[in-house]
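Following this message is one structure expressed as structure tokens.
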Amino acid sequence: MDITWYVVLSALLFAIGAGGVLIRRSPLVILLCLELMLNASNLALVAFSRAQGNEDGQVFALIVMVVAACEVVVGLGLIVAMFRRRLPLNVDEMRDLRG
Amino acid sequence: MIQILLWLPVAVGLLCFVVPRRAVPALASAGSLVVLGRAIVSVAEFHTGQPGLQQTVNESWIPDLGVRYQLGVDGISVFLVLLTALLWAGATAFSAFRVPERRRIYFFMLGLAETAALGAFLAQDLLLFVLFFDLMLVPFWFLIGTFGGENRIAATTKMIVYTLVGSLLMLVAAIATAVLASDQVGHLSFSLADLRAHTLSTGSQYWIFCFFAAAFLIKMPAVLVHGWLPDAYRAAPLPVLALLSGVLSKVGAYGFLRVALPLYPQATAHFQEAILVIGVASVLYGSVMAFTQTDVRLIAGYSSIAQLGFITIGIFSLRPEGADGAVLQMVNHGLVVAPVFLIVALLWERAGSEDLGRLGGLAMRAPVLATLFLVVTLATLAMPGSANFIGEFYILIGLFQAKIVYALVAGIGVVLAAYYAIRLFQRTMHNRKPEVIDSREIGPLDAAVLIPLVGCIVALALYPGLILTRADPAAADKVDAVNAGSPPSAPPAAPAPSLTSSAAAR
Amino acid sequence: MEAEPGLTYVAFFAGAIGAVGGAVAVIALRNPFYSVLALVVHLVSLAGLFLLLYAQFVAAAQVVVYAGAVMVLYVFVAAYLGAVEEPIWEPIPGQRFLAPLLAAALFVELAIAILGTGLSALDSSGPTVHLGFGSPAEIGNLLLERFLVVFEAASMLLLVAAVGAIVLAGRQREAER
Amino acid sequence: MTFTAPHVDYAGLSPVIALTAGICLVLVGAVLSGPSRQRAVVSIISLAALAAAAGLCIWQWGTREDLVAGALRLDELGLAGALIAILSAALVIPLSWRDPAAERPGEEARHGEFQALLLSSVLGMTLLAQAQNLVAFFVSLELLSVPLYVLCGSALRRASSLESGLKYLIVGSLGSATLLYGLALIYGGSGSTDFGGIRDGIGSGLADDPLVLMGIALAGTGLAFKISIAPFHQWTPDVYQGAPTPVTAFMAVATKAAAFCVFVRFFEVALGPAVDNWQPALAVLAAVSIAVGNIGALGQDSLKRLLGYSGIAQAGYMLVGLVAASELGINALVFYLAAYALMNLAAFAVIVVRERETTWGDDIKAVQGMGRDRPELAWPLTISMLALAGLPATAGFMGKLYLIEAAVDADYTWLGVAIAIGTMISLAYYLRVVAAVWMRPSAEPRAPEPAGVPAMAGGSPETDEDQTPEERPETARDRDPAPAAPAPKGTRCLAILVPAVLTAGATVFFGVIPTPLVDWASHAGGALASFLP
Amino acid sequence: MSATTYGWLVLAFPLAGCLISAFGWRVLPGRAAGWIGTAAIALAFLSSIGALVALLDKPVQSRELTSSLYSYASAAGLDIKLGILVDPLSVYMILVVSGVSALIHLYSVAYLASDRGYSRYFSYLNFFVFSMLLLVLAGNFVLLIVGWAFVGFASYALISFWYRRHTATRAGMKAFVINVIGDVGLVFAAFFIFRDLGTFDYLSVFHAAPQHFSTNQGVLIAICLLILVGAFAKSAQLPLHTWLPDAMEGPTPVSALIHAATMVTAGVYLIARTHPLFELAPTAADISAFIGLATLIFAATVALAVTDLKRIIAYSTISQIGYMVVGVSIGAYAAGLFHLMTHAFFKALLFMGAGSVISAMAGTQDIDRMGGLRRALPFTSVLMIVGALALAGFPLTSGFFSKDEILVFASNRGGFYWIFTVGGYLAALLTAFYAFRIIFRVFWGEPVPEARELEGGHLAHAEPANPLTGEPEDTDVGFPGPEHHIAERDRPMWLAMATLGVLSIVGGALQIPGLDHVIETFLRGSFLDSRLYESVPSVLADWEGLAVGGAVALAGIAAAYFVYVARPGTSAALARRFRPVHAFLVNKWYFDELYDAVVYRPAIRIGRFSTGVIERVVVDGIVTATVDAVRGIGVVVRGAQSGFVRAYALLLIGGFAGLGLYFLIVSS
């Protein structure tokens, strides 16, 4: 099983995640899509770690998980805050700032 | 020390923030007079007959960037320094008699502007020159924008952006000069002397020259790039306008002599005809515009375009006569145009208008004012016997020997100048007086400003050789840099070889 | 611990289908709640793939921490917010057309880069590695030796996230007067 | 399995340690101090920590060594970035004192949280500026960003603050993910996470490999995003405008400094062998940024938004220093970063004061007539604007000079010209601000909001530049329900005024006597000298 | 004292007078300024005589003396000194100028006595004399140009002396601008000379020219033609004559001095001065002569038709200068310069008389409104008749000798030069006719009311009005003075006119063929290098010519008598009969209209076009287009900044896609 497969798979997942960010309007789902992208990166990291035969990539992947968790926490915090302020949970309606 | 000359104005300007409000105008005037005194000393200490620099200062400033704090005067700059100090003294005093509301900032900005203008004339480091060249705009922007007339903010912003279009390109060009030359110089250096000793390859010179030329032509301004002039002239407070037109426009022409000719000799020779075309076009266009305008400021403004056109063609005759004439004419034009604007201020105070259609008949009750204006007018139109005539004479004879056709065409400008200048004088001072005009003689304080300025015009008319003899070695040196630098068959594109062949000999 | 090649294929494709399917489901499902669940599928599939790549510790963390703890957070928030249907109408001109196009372009570019590389290591199933490769002990060692700073920074990051959550979502107490 | 503890040079790490300790102490102090004294206690701790960190940075100045198994690199470049971040944080703390982000009316003060987050971000920046390992790079980038996401959204009462926070988070995470994927590819190509290892890996024939180059593209995108390079800039104006002003100030200055440091280190050191490939790409990005930033800023009424666009353009200028890929370029970049920090902080300080003094918020009307009424505020803003415009006798001019010199030296003269052209355009909006300050009369207080405007009415999508904010119904939600009465002028802003005057003064000082700053910056370039062509 | 010292003194006195009057305008009482001015000129005249005496002491060959004060503007190889040349020609000129000027000053003392600008007037007038003397004494071309322009300015200042009259200011402007055209011509002539000879100095130039130039060399012709531009602009020759009739807006003594006696003859002086060049370029000289001939006939015809008293005399001046130009161009230097002097006498006299008449008519200048003033103005009428006789070339008057000498020289020179003789006599006929047209129209016929009033001992008074347009004058300031002055009542005017009357009669005695040739002998020192100077006609030929001239003059006078006295109404009938011709003449051959259409209007139109089109479309267009372009991009940039975070993400991904594409291309 060539490593290339894994990497191509990760690329596919990355693209799907990116596409999701572009298409979805719920901030919650957008966060999920960002998770997809980070996980795609993780897959690539782990695959390369395997290909290169060193474990740096795996450590990296672990750290990325931490980072992802933190982003989730903050993101969800913002979503909750918006919800409490009765602001619409639709990124298309956040348009006060523009121009 | 020439340093005092340079920094005193801005120091006095800063002092304006400290002293009591009532003392500010007096302080500023006194400061400008001291600067004038120092400038006179500079001229007095000047040794005639040397092409090189005198009274130099050469300190390290930003060694990593190759910028040195190099000052000095030569025959070209020494009189421009004097002109600057003189006009600033005049304009400062003139303003002090009619104090603006926010006087501290007004006089501070005047001081800053004087330092910048003096700096541009004194700088012997290319970057220092560019720095002062750009710096000058800031106080003028403030002065016009804060104290100007209608539409001042838009006008002044247009001016500074327009002018900086050239200046910033010039900054790039200046840096490119130093960087490209650093291989030959051995280290990064903006020193004009170093750069002159190691000129660039022809290809680099071409585009760099174009950038510099753009900056200088806009600043003067030359025709087609004078878009900022009408608005700015309409909006500027008149003492400021006197300086703007009297001194700032000269920096562009001065830059050609100081920077473009010695540093980019091949490019100068290459673009000679192009610049001459622009210069002659400026002469004609400025003159034609000047005699169709009715706004006094614009008449003077467009006449400045024409005059600066003359100066340009003098320089780009690439003959020592032309360059000498250009230097003389720079001083002359400054001496002439500043009083014009101060007089316009007086007209405004009497008539409440600056439109020729609403002016007239002031001479009867104000003969001294009329006489002063008459002298200025005659100098403006380069009446033979005035120094302006000698300036134009030198310019045209230089050009005549280099490119005869341009000289002949430029001659038309002389005739047009007579028309618009006399028209300006007549339509303000002569003819019937409209009822609303309060025809008053010039006040003693204003006279104390104007009479010395006009006195300078007369004195220079009696002995223009004062400037010519001192400027000649330096100006000839700049021109020789081009003529020596370009290959013997100097202008290959010249259409009339038979005419230019005799011009080669000097 | 070389696995049977055929089995590897099967396992890979199973994991791959799960991961891709989960990912597609995340962006395709209209209810955020289901999207979260689809992501869990995706994450678990990935964990399988990690195992194939000898990253046991990462795989374990993926399942326990990620698919477990983090996703629970999502579920709670999704439940708290309630089901919010997204409008179908696309207000941004061109977005509907460009977004898939760009996603596809992204994939194509990445794929070209991956397939076009001259890196030989990718064209094999990887070099032979020692026994403890990817084990918790080795990873732990790395974290405490080479990546000590990273480790500490990550912990600070978690602290920051906690503080941030308090700032953003903490019950707002009225000031004492 | 043996465990050998890595050698830890505590002296080299001391600034980081000081900051970390500071964060913990701030959090503890916030809890322990009563609500009335929280601000004082917390600020003192924060400032002390920052002062300590800055002092330690200066103490370590000149040292060049790898820290903790090569994860960090202690050198002047990193320290310079750290110092800029620390300086801006120290100046931002007083700005935040009465800001709704830290002191919501009617609620308990949150100075502890605010300043802890601020310090965390500084910590992230310090680490980022020194990072020379992909993992450290990524995690410190996140440590920098995550607190900022929170801080941007921390003025919870303002919808625009939340909007900016969420926008920043979404786009920022997207950028992070892009960066991360790029780092993964680079790691995959070179087989190392250390910059040195990557350099060796790429140097051995991989400089033209598509995998590595795609990694560079992805990583470049992520980094360019962080420093607001067009076309990855679009978050900048929105976030700058929506975020609480002190946060904007911090973000504008410090993020850029730290991100540029790592940008330089990553590209010049790790990706140095591929310089011929990324140089033209970044050059184009720089030019695009200069154009987009300057043009976008024209006609903006919100000063923060204006500075946001201006920041895009300025980032474009600074990127030129990176493109030059020379010692001169890095010197210029670091010089400009410092100058940029000084100029921007002065401007933001003034905006903060005026937000509180007038009813106009950060609208340009808020600064109108200031030249007459508040010269002590007018001058810093004026100097700042003129410096940003790159007019002579300011550090901005020297910085541009430096950058253009680097560009020309690297045969990127056209970029020098691009800087010049950008500067021309920029004058139109910088001078507009100065004109408002000096040449226009003070604006009348904003008319009370017409009641009953539906929150989501939405203006026409076309933004008319003459339209004042009062005519845009959306902004109705931006304001606190009960706006605080404008504070009386005078000494109450002294804590802001002094930094404003100091930074503006420094801007002029370094414009006239730039040598100290030039020397300082040239150490930074010297630190990477051995990696440069 | 040496001749050059006298030369400097000649310059110094008028300048001093000018400055005293100028700075003392507030303190000088009564007629003090006038007397100071007159005294200054009188002293200058005395100094001129001193110079003459000093010069006569020298041998004929060494009567060219130079002196310079200081190096005025010398640099870069140009040597421009403030230097004068005192030689017979310049001394002759300063004698004529200062002499006539002194008399006209004297006349002015009274004539302008009630004018508010009395000091200013004398300051200007003294300045004019100074300038004129500088012009003739100048030792190099640059100083010549300076003097040349100074007299132009003085002319301007005095034409628009009554500056509240817009006709006066307009006339002044016209005179000034045309004079500047002449200046520019001279400047370029100087440039050519300098380019080829390397000096501006008269003597060096004239010395070097024969070696350097071949006969009729192109450059030389160009130089001469450019000199002619200057000369013709100043001397009001075709086609640059249009300013002179308008210049009559100035006070009448000014017309006498500047626009009759002195300044307008500067062109003649210049051609005489540069005769070495013209003799090397005979083609240019011939062109000059033909233009002179054309002018003299043209102006004479116009003088037949116009009705403004001063303008008739002005056209007469143009015509008479035509004679002089013909003279000096064909080589009759002595004769031309002799005519210059006699013309100065009688034309100044005519103008003075005209001034007196106009005063008597309370400012009216139209001869149609005059008549029968003979008894009212006995002295004036006698003197006017004397002047008219001299102008007509009545036998034994001064004009008789000087004019005919030119024509005889022409016929004597052979070749086609007989044309000048024929044309000259033809014009002489016209001259005699219009000269006596004035006399008969003004002094004969039915006395007009003003004449009757004056006969009754009371000088007519009318509300001041612009004589040209009839507009009421700006009485607020009192120009041109509430009182009028006539020669009969004011001693200085009387004295000046009487002196000139005598000179007009006896002036011819200086050069009577066969008897004496004072002028020719004296001037020889300046024309030593001339081939033509010595080719004087025989005495017999001279007398033949004089006889013809006398006959022509008598015929003209007779014709005038016939038309205006014997058969009054003939002229009106003729005018009706040949209406187109009359209109053509009255409108001065439509030169003004031509220039208006060809020069002035196009220039204004270009200016308007520049203001309206170039300025707005091109100059502002550059700005506007740039601003619009920037704004356009701004619309795109800000439009992209739509507020949709997904759009931002799209651009981010899109930007990356582009970047990635670039890197992929690079990698392959």
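Residue numbering begins at 1 within each chain, and the chains themselves are lettered A, B, C, D and E in the order written.
Everything below uses one rule, namely that a contact is a pair of C-beta atoms (placed from the backbone, for glycine too) under 8 Å apart; a residue touches a chain by one contact, two chains touch by 3 or more.
Here the structure is a predicted model, which is why all the values come from computation and not from measurement.
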item	value
If a chain touches subunit A and subunit B alike, it appears here	D, E
Pair joined by more contacting C-beta pairs (A-C or B-D)	A-C
Remotest chain, subunit B as reference, centres from CA atoms	C
Maximum centroid distance from subunit D, chain identifier (CA atoms)	E
Per-chain CA centroid nearest to the all-protein CA mean	B
Subunit C and subunit D: spacing of chain centres that average the CA atoms, whole Å	30
Subunit B and subunit C, separation of their C-alpha mean positions in angstrom	69
Inter-chain centre distance, subunit D versus subunit E - centres from mean C-alpha coordinates, in Å	77
Whole-Å gap separating subunit A and subunit D, where each centre is the average of the chain's CA atoms	25
Two or more partner chains touched - positions in subunit B	none
Overlap residues in subunit C, where contacts from two or more other chains coincide	91-92, 95, 98-99, 102-103, 106, 109-110, 112-114, 116, 119, 121-122, 138, 146-147, 150, 154, 157, 160-161, 164, 167-168
Contacts with 2+ other chains: residues of subunit E	638, 641-647, 649-650, 653-654, 656, 660, 664, 667-668
Chains that touch, pairwise	A-C, A-D, A-E, B-D, B-E, C-D, C-E, D-E
Subunit A - residues contacting subunit D, complex	7, 10, 14, 17-18, 21, 27, 30-31, 34, 37-38, 40-41, 44-45, 47-48, 51-52, 54, 56-57, 59-60, 63-64, 66-67, 70-71, 74-75, 77-79, 81-82, 85, 87-88, 91, 93-99
Residue ranges of subunit E touching subunit C (in the complex, touch as defined)	642, 644, 646-647, 650, 653-654, 656-657, 660-661, 664, 667-668
Subunit E residues within the subunit D interface of the complex	630-631, 633-634, 637-638, 640-643, 645, 647-649, 651-656, 659-660, 662-664, 666-668
Of all residues in subunit E, those that touch subunit B in their complex	25, 70-78, 80, 120, 142, 145-146, 148-150, 153, 156, 160, 163-164, 166, 169, 172-173, 176-177, 180-181, 183-184, 187-188, 191, 194-196, 474, 476-477, 603-604, 606-608, 610-611, 614-615, 618-620, 622-623
Residue ranges of subunit C touching subunit E (in the complex, touch as defined)	91-92, 95, 98-99, 102-103, 105-106, 109-110, 112-113, 116
